[in-house]
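Following are the structures in question.
The same subunit A turns up in both complexes below, where it pairs with subunit B and then with subunit C.
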Partner chain A sequence: MATVSEFTFSNFIKSVLWLLFWVLMIVSLIALPILFIVLFYVPPPVINGVEINPYLLLTMLTNPQVGAPLIRPTLDSLFFRIAVFPGFTFAALFATVLIFAERKFLAKMQLRVGPYHAGREAFWWANSLGGFLQLIADLLKLLGKEIIVPSGADKPIFWAAPVVLVIAAAGLIALIPVAPGWVIADIDVSLLAVFALLGFFPLTVLLASYASNSKYPFIGGLRALYQLISYEIPLILAVLPIVILASTLSLTGIVEAQYAYWFILLVPIGAFVFFITALAELERIPFDLPEAESEIVAGWLTEYSGMTYGLIQLANYIKMYALSALFTTLFLGGWMGPEFLPGVEVFGVEVLSSSETSGIFWFTIKTFGVALFMILVRGTNPRVKIDVLLRAGWSKLIALSFINVFIAVALLYLGVVGVGP
Partner chain B sequence: MSGMGSAEGIPGFQIEGKGEDGMDRGILTLSVGPQHPGSGHFRLVVKVDGDIIVEALPDPGYVHRGEEKMCEYRNYIQNIPHLERPMIADSCGILYPYVLAVEEIANIPVPERAKYIRVMMAEINRCIFELYWLGIYGIFLGHSTMFMWPMADRELLIDLAEMASGARVTHAYFVPGGVRNDIPDAFPEKARRHLLYFRNRLKEYRDIFYDNPLFQARTVGVGVLSREDAINLGATGPVLRASGVDHDIRKVEPYDVYDELDFDVVTMKEGDSFARAYVPWLEMYESVEIALQALEKMPSGPVRTKLGPNPKGAVGEAFKRVEAARGELAYYLVSDGNPRPYRVKLSVPSFREIPVMAHLLRGAKLADMPSIYWSMNYWPVEADR
Partner chain C sequence: MGASASFEPLLWMLLFGVVASVPALIVAKMIAPRRRFFNPVKFMPMECGQVPSGEGRTRFMMQYYSYVLMFVVFDVMTIFLYAWGASLFGLPRFVTLPIIVFLAILGAALGYAMYLSSRRDIW
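Here is the complex of A and B:
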């Protein structure tokens, strides 16, 4: 017969010791051998001609002078760029902060409080932040949910679609320069590459909706296809004057061309069209018809659950970061701004120059501001209808884009601005 | 776009029988509800051809609870709490005609002060209901701020109702012979303050919601209900008045003290979803006006006629109707002289909007479904009773 044992202190101590025993057993018998085998067979990374082995790492801890010259080469290595700073971790962190800011900001607009409890009492400084751990809680919730695949679903495509979306969104951030020299892939045609990557989304969304084998996702997928394709054209046309004025397709070149005037001052109509089309690309209110819950449940996301849904949301917010960053790069002068921040020095070795720290600062601030504007639109507008959306996209926005191109050409022809950086 | 109205006017969109495989040819059948974020406890079988709805079949009955039968097993006083349940957002409105009918059948006099309190509470409750409805209208169209604001402002009026009756939502405040208890001494001052604040607040709804071009693009010219159709299909309440019919039970057949108060009946000619959203907003101004007047003119005195422990109705019948927030709400009461009613029949406005909804949805676009459905002021729980 099962009995419920009462709590006694000796039992508690016994269980703690028992736990400790098993942890030590597992560490010494499994984890340590695996670690040593890995260290034995995997060659250590070589940075700046120095082999980074565990002993060197220990030496760095005791004598920072050894490690300091290696910091800059580490920052310059492709792995760090892709994985950490202008790359995925930065974008994901930015997206996380953005989601939290969105929830708080919207709550303020709507006479609410927003996330309040999670993490409030965890740290003494967290009291004023109010619920900043809510996103962690949401993430844990999504991780804990069962992923339900509809019985008639096309399973490989159904599983692949969220991953492809995240990859395509992450591909966008590789092209965006955040500071002088700080870009993962500094290619000559990065603007074209951005549009090539944006072209992945409608296709993936359609595949995801079709693979779900359900009615509402199907309608949502068709809507998304209409919307994304018809807004891609004004999106490309809106940046055409930028290319004319900067005479380059490289995003770095476009930023450098704005050393005197930001392009939003020269072609404000283009900035307006770009902003509207970016909202439509992101499927955000007022253009969230593919996910209109009162009509088609959750649109093409209906059958996604758990972490597949989480991945799609992650892709959406990374895309939001990428498009805000693109707006900053194209119209708001990218990293340009007064260089008032000092550089970063670690034990006498300059790791980041003054222009780099200031560039990162200005870029982040501007991008965040653009993203907040996108959130503001969400708080004040209802959803539009598909016919209104298509008519606005195909007639008004394209017409505005052409006017915009003429303005840019006129500016050049009249000699108001010169060509190129 | 001229795709509204009946399907007969649209060439090529009739359902032309079945295909060889027994399936509707090119028609996608969607079951909107009862498990759907935009349906409530209600199912709407929608057949769409592309983006056009060719047919919409309302399927109510998921939340039928037999309110009418329940009434036959309880006495007149016991019936009060459960009769509120079909429409707790407008609990005074749904109880009002029952109380009036019982007073007529049992011949109970009502003190003058109680009549004013009832009118005031009914109007405050109308505002509480309209705010709830308006908030959901907002979220149906994707306007999340318009969901939050009315829900927050509704609290002010709920506070008033709580102060008077002791309950926030289901007040059970109206009883045969008056109201359950008198309002507190501090009530008139607080009510005046809250109502005036609320009236100022209504202007901001227009700024953020009604004047929004995107909201207008979604609702103006959508689901146009002509005056003739509105009358023939039996529409009622704001739906009827938005189609230009000047019909309000408060004016046509004044009950309690509505004939002593000065207010207007709001009508609009357009009959589209925008008008059906705008009329309740204008009516809230009138409701605030009525409530303030009732507070002003309220005499002092008792608020309730003392009844025996188990009041009996005389043999006979009574038919009473009031203008609830959703339209005409009528009770038909038959008594055989027992303490319990022999038969109670509710005629609820929500049920009367079902044919109108089916009529308007035919030929509309799928994206117009939320705005048409919600502008009908249809509440599944009330319709099923």
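Here is the complex of A and C:
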């Protein structure tokens, strides 16, 4: 049992000195050696032929003009792309905005207010946002909660499942082009890679549910498996017309093929089927059978608590961003749109061109619109039964996607699009 | 550029997923409260407040088996169609005919299986 010492001034001074001692110890024993090792043994990064040493960094503080030619090469580096812009930080920020938008938008649809108080009076401009700091409060709450692993659980799989979900979601966002040239992994078969990564999610869900050693998660995991069986084939077939019309499996190539018209105008049935199956893939409300909170407590998430639950939710919302972005890329023309935004220049050096800023703007707007539409569907629909989902998936959605394929082939052979031989 | 070179950023991204998620778990482990004494009730599987009965990994009825069987067949078919669809521009028109025959055979099989799937006693 911890003893609570009496609050006196001497105890206060003692505790402050004690804290200071530990800070000094940690700095001198851990931080300083790491700093020295980095300074002495790690070679400084060379960007655009210029060695970035500490002197140059200090010079940039007083004279930012020195650093201006180095900005664009930094933006082009693989680490920046993976960690910040089209990569993880952008996706996580988008996911955060989506969570907040979902809470406010759902509350509006259900005649509630939603998050209201947190952060309302923190800044003068935050008054109209209303409760946007609730997300930070939730994050701190999740960080501070005890992670309970149920007895009899398969511990390695139980701990690995949230990490695997985040990894698969990160792999999805690596494949999606955000603006001309702004894609992390420009693979010529990136569409197939997307399908391969999407297959990881239900399998991980099944593993997590089996590892929990509990009844509700197990039922939820099996439902995830049946859901996979019902939506996977329509999902893959709905994109086939896009591949036929664009004649490439690369997502960048698919966006570039839509420079004149969006594919949703040519194959609207495919867009409809893809949207429905994306909802099923995301386990969102018409198809949230694996985590149906009114039937099987929280489905496969039941035994997850604290930060493991937080990571699973992060992966879910990154996946929602990725699938909205995929819908935008495949059917809504990706970054294509009027180039009206000016480029970004720093001290006369062009950092982002006009086409890049406009591309990022249009991509973000379209993706956010698709995600809002998903939230709209969530707010207005009840959950379907598993046999209804299976029968609808196999008889209606597959038939629709086959019709869609024939429409694409007919468009090609009638000479409406492309140059048939 | 070889295939491995273009897949390399994807692998780095997957690694970054680990780098971004594992520290969150470690920090949560560090700052979250720990158990002072072992309370077995806390670590029971969740069963809405009841004492759990039986095993967690229960036996279950294998429902919808017909769909599972059909999935094994038709999931492979979709990837065959991708190989055809991606190269359709460069192919002469008569090559589409075998694909249509292939689709007809599989479609007829799918229709028959869907017709039979409503009869429980067959599956």
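Following the convention adopted for this analysis, the second predicted complex is superposed on the first by the 381 of 421 C-alpha atoms of A that agree within 3 Å, B and C clash if a C-alpha of one lies under 4 Å from a C-alpha of the other, contacts with A are read in each partner's own complex, and residues count from 1 in each chain.
Please note the rule applied: a residue touches a chain if its C-beta (ideal position, glycine included) is under 8 Å from a C-beta of that chain, and two chains touch if they have at least 3 such contacts.
As the structure is a computational prediction, the values presented were derived from the model and not from experiment.
By the touch criterion defined above, A:L301 reaches neither subunit B nor subunit C.
Once the two complexes are laid over each other on the shared chain, residue contacts for A:M336 go to neither subunit B nor subunit C. When the shared chain is aligned, no partner comes close enough to touch A:I312: not subunit B, not subunit C. In the superposition on chain A, no contact is made by A:I176 with either subunit B or subunit C. Comparing subunit B with subunit C, the partner in contact with more residues of subunit A is C. Residue contacts after overlaying the shared chain place A:F88 against subunit C, while subunit B stays out of touching range. Judged by the touch definition given at the top, the superposed model places A:I233 against subunit C, while subunit B stays out of reach.
Of the two partner chains placed by superposition, subunit B and subunit C are both touched by A:K215. Contact with subunit B, but none with subunit C, is seen for A:V388 once the two complexes are overlaid on the shared chain.
Common to the subunit B and subunit C contact sets on subunit A are residues 215-216, 219, 297, 386-387.
Listed in rising order, the residues of subunit C touching subunit A in the complex are 3, 6-10, 12-14, 16-18, 20-22, 24-25, 27-29, 31-35, 40, 42-48, 52, 55-58, 60, 63-64, 67-68, 70-71, 74-75, 78-79, 81-82, 85-93, 96, 103, 107, 110, 114, 117.
By the touch criterion given at the top, residues 106, 109-112, 215-216, 219, 285-286, 288-289, 292-297, 378-388 of subunit A touch subunit B in their complex.
Residues 1, 28, 30, 36-38, 51, 138-149, 152, 208-209, 212, 214-215, 217-218, 365-370 of subunit B are the ones that touch subunit A when the two sit in their complex. Note for the complex: subunit A touches subunit C at residues 78, 81-83, 87-88, 92, 142-152, 159, 162-163, 166-171, 173-175, 184-188, 192-193, 210, 212-216, 218-219, 222, 226, 229-230, 232-233, 236-237, 240-241, 243-244, 247-249, 297, 302-303, 306-308, 310-311, 314, 386-387, 390, 394-395, 398, 402, 405, 409, 412-413, 418-421.
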